[in-house]
């Protein structure tokens, strides 16, 4: 059964290669292939989650034992994100039928396959390859909306991403030159001796900037508002909700396993704080819904970066809680933005015409700000207590900035909400809903329902997440699982 | 302290120089085609660095020529990775070039600032937040340029 | 201001890395993984070219990912450029030498391309290099006769099936109870064409796929209408 | 490792670095593409020197051959063989920054 996990990556790739051919002969059959593959992937992963023994395991690709070959490392955290990838891929599947459908769906399958790989892979260079595949299929999907602005956004994103991949490659080369291995477990074993120095720090910074491009890290996030405003909303939701979290997950893994220097966490903390400040202020000034969401996404990813910088298990818990919460909320909000479209001024009095959408917006906004019964509160509460427990003054700054950001967030979100509930309907009230209007509202309600379900079950889910965080934090377990050797051998 | 001029040092400096020149070009150039060229240079530097990571001065190429006792070989793993990286690089480059062709058709410019202004104008126009529409929210840092002919034309060309 | 920041960034990066490199001993790498692979590769994969055994065996999934990247790039370029298809009729046809040279080179390039692909596990070369040569063979007639059309249907058929067969070879191993992409050996003498089991098949898939992707990329670029 | 190899590497390295600088400075885009392919070709030769024949073959075929072809096609499609005002401006910018860097 465990070996079948490989199918969640292999089958979408196979489907992507064959989709253009199949669609040429039979469109009716072709349109079901993608959803069927992703549904099967969900089934495999869900089965593993339900019937697995909760212990992490490792799969050697090609049958070569891990430090020599490439392996997939499957713990609860990886499984959780892989499942979210396949599920969100299914939810945000590009159904639209036109002459570009085969290529668009093939690119979407590639995006899902590579995102799954990003969650599971246990090899540094393999992560880089999957990361590039995520990038290239994203470029294609953004440019597929074929407006001039989308092309410009894509090329600017491509160039920034190119800088990132050169830096990542350079960092990988430095690590390989120093240690002679690329397997994460093997690196984790060697890191205390060989990478705990300036060279390791330089390699980490290069990789951080490189992968940070996708994780919306502060100096390399200029692509975010442009891309989210020009790409199709469903794609924006997938990118903001999921892909950014996967890049974050990779950074978290590297930090937990390999790079233990205090400088590394400090850099992440500072960049996270700067990201929060810049993102939230820009969101406050934004005048259309999509850009507001894009900027606030930068801010929230900054908050998650602050959580990544926290040292112990509770920090990992905060990262997981904030990430999953943001995934749910941002996907829903982008779907609402797709439903409404356009400038914030057009939203005036909208709640009267479409009460469900208005209610959903308020629900998401409340959870995002952190209203007590909603899950957003628990995520933020974990972070605050953890930040307050630190002695380093930098964490105090982080705490202050975080609280300030929450105030700003509340101010701009409720400005929008107030606008929606204004009674005076102006003459240009017009729901700018494209053909997918009903579908996106349905999807948004799905996320709203998910949010309420989480609210009801918040305490068992919190305990489950705690177990996931504890497992992810256990470096010895990782090394032992991958390299199959007794615990005592590590110094 | 001037280290001896060894082969490794020369190669490392070349790799570093190519990456630095490429990154400088990526950050500084205004013409987008030039930035794509700079990306090519930077990638070349990174590839050289990767091969260098597995280079041994006392070894032969990693191909088995005789049975029995093997001579010392250079590390094959970085070479395999560089093969991958080179092909990835050319794919991205071709994609970049095809996007540039389309941008040139729409906007008739490849200057990065002009491109960005036209893009902002188009985004604002699509969202309906051009300057004269809303006076309520504070203006953004960037002044929104008037919608030029090509941007309007580009919008008209949308499907 | 922006220029200065960029310059400082690039310069600072260069300086930082140069100062760090003094500690690195290039020329005598540790070769933890490399050494292990070197001593086992011949027995485990049957390829005398160890780079090939790494590319297709030990790091086979990387190669699959790379093929997917190339596929994604070609599909995206097709999405972007493939909308209005006009042959570039404004170009002048090539002269006598170019036309006839082109048609004479075609079989030669095909032979070289396939030779390089099939001997990738024995000597330097393989799917990528051979694939580029195949792409060149297909692209050459396009340069010589600008009116000529590459048959996009055939190309996409080749790229689809070549990519799929790479995955399928991997899945067959999975089906037989081995790991995904595990090479299947035919024990034979060293240095013979078929000594490396499924590796040449994988390299053939890689070569065809790379060739088809690159040819379609090039023809997309060459055939879009120029607006100047 | 012979003395000769060091001199060849030094020569190639200097050639590649100056070609790389030329890519950013030269006004004519065709010349810039040519300089970029010089960098790739030099890289392929360096790979031969570093006993990486596979990589050298790939770099020569992909980097020096195919990628130059793609870029040259792009120059043609983009109509960049004419020197325009914008291009001159960008080269001037690059020249200035290069001077700053050297100083």
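Every chain is named by a letter (A, B, C and D) in the order it is written, and numbering of its residues begins at 1.
Just so it is clear, a contact is a pair of C-beta atoms (placed from the backbone, for glycine too) under 8 Å apart; a residue touches a chain by one contact, two chains touch by 3 or more.
Everything quoted here is computed from the prediction, not taken from an experiment.
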For chain B, which other chain has the most distant CA centre? A
Return the distance between the CA-based centres of chain A and chain B, expressed in whole Å. 23
Whole-Å gap separating chain B and chain D, where each centre is the average of the chain's CA atoms: 14
With chain centres taken as the means of their Cα atoms, state the distance from chain A to chain C in Å. 30
Centroid spacing, where centroids are CA-atom means, of chain B and chain C in whole angstrom: 20
Two or more other chains touching the same residue: where does that happen in chain B? 6-7, 11, 13, 17, 19, 22-24, 27-28, 36, 47, 52-55, 57, 61-63, 75, 77-79, 81, 83-84, 86-88, 91-92, 94-95, 97, 99-102, 104
Residue ranges of chain C touching at least 2 other chains are 3, 7, 11, 17, 24, 26, 29, 31, 33-34, 37, 49, 51, 58-59, 62, 65-66, 69, 72-73, 76, 80, 124, 128, 217, 221, 224, 227
Multi-chain contacts in chain A: which residues touch at least two other chains? 125, 129, 132, 136, 139-140, 143, 146, 151, 170, 174, 177, 180, 182
Judged by the touch rule stated earlier, which pairs of chains are there in contact? A-B, A-C, B-C, B-D, C-D
Chain B-facing residues of chain D, complex: 1, 5-6, 9-10, 12-13, 16-17, 20-21, 23-24, 29, 32-33, 36, 39-40, 43, 46-47, 50-55, 58-59, 62-63, 66-67, 70-71, 73-75, 77-80, 86-87, 89-90, 93-94, 97, 101
Applying the document's contact rule, which stretches of chain B touch chain D when the two form their complex? 5-7, 10-11, 13-14, 17-18, 21-22, 24-25, 28-31, 33-34, 36-38, 40-41, 44, 47-48, 51-52, 55, 57-63, 74, 79, 82-83, 86-87, 89-90, 93-94, 97, 100-101, 104, 109-111
Which positions of chain B touch chain C when the two form their complex? 3, 6-9, 11-13, 16-17, 19-20, 23-24, 27-28, 52-57, 61-65, 67, 70, 73, 75-81, 83-84, 86-88, 91-92, 94-95, 97-99, 101-102, 104-105
Would you mind writing out the residues of chain C in touch with chain A in their complex? 16-17, 20, 23-24, 26, 29-34, 36-37, 40, 44, 57-62, 64-66, 68-69, 71-73, 75-76, 78-80, 83, 153, 156-157, 159-161, 163-164, 167-168, 170-171, 173-174, 178-183
For the complex, give me every residue of chain A touching chain B. 125, 129, 132, 135-136, 139-140, 143, 146-149, 151-156, 158-159, 162-163, 165-166, 169-170, 172-174, 176-177, 180, 182, 226, 229-230, 285-291, 341-346, 432
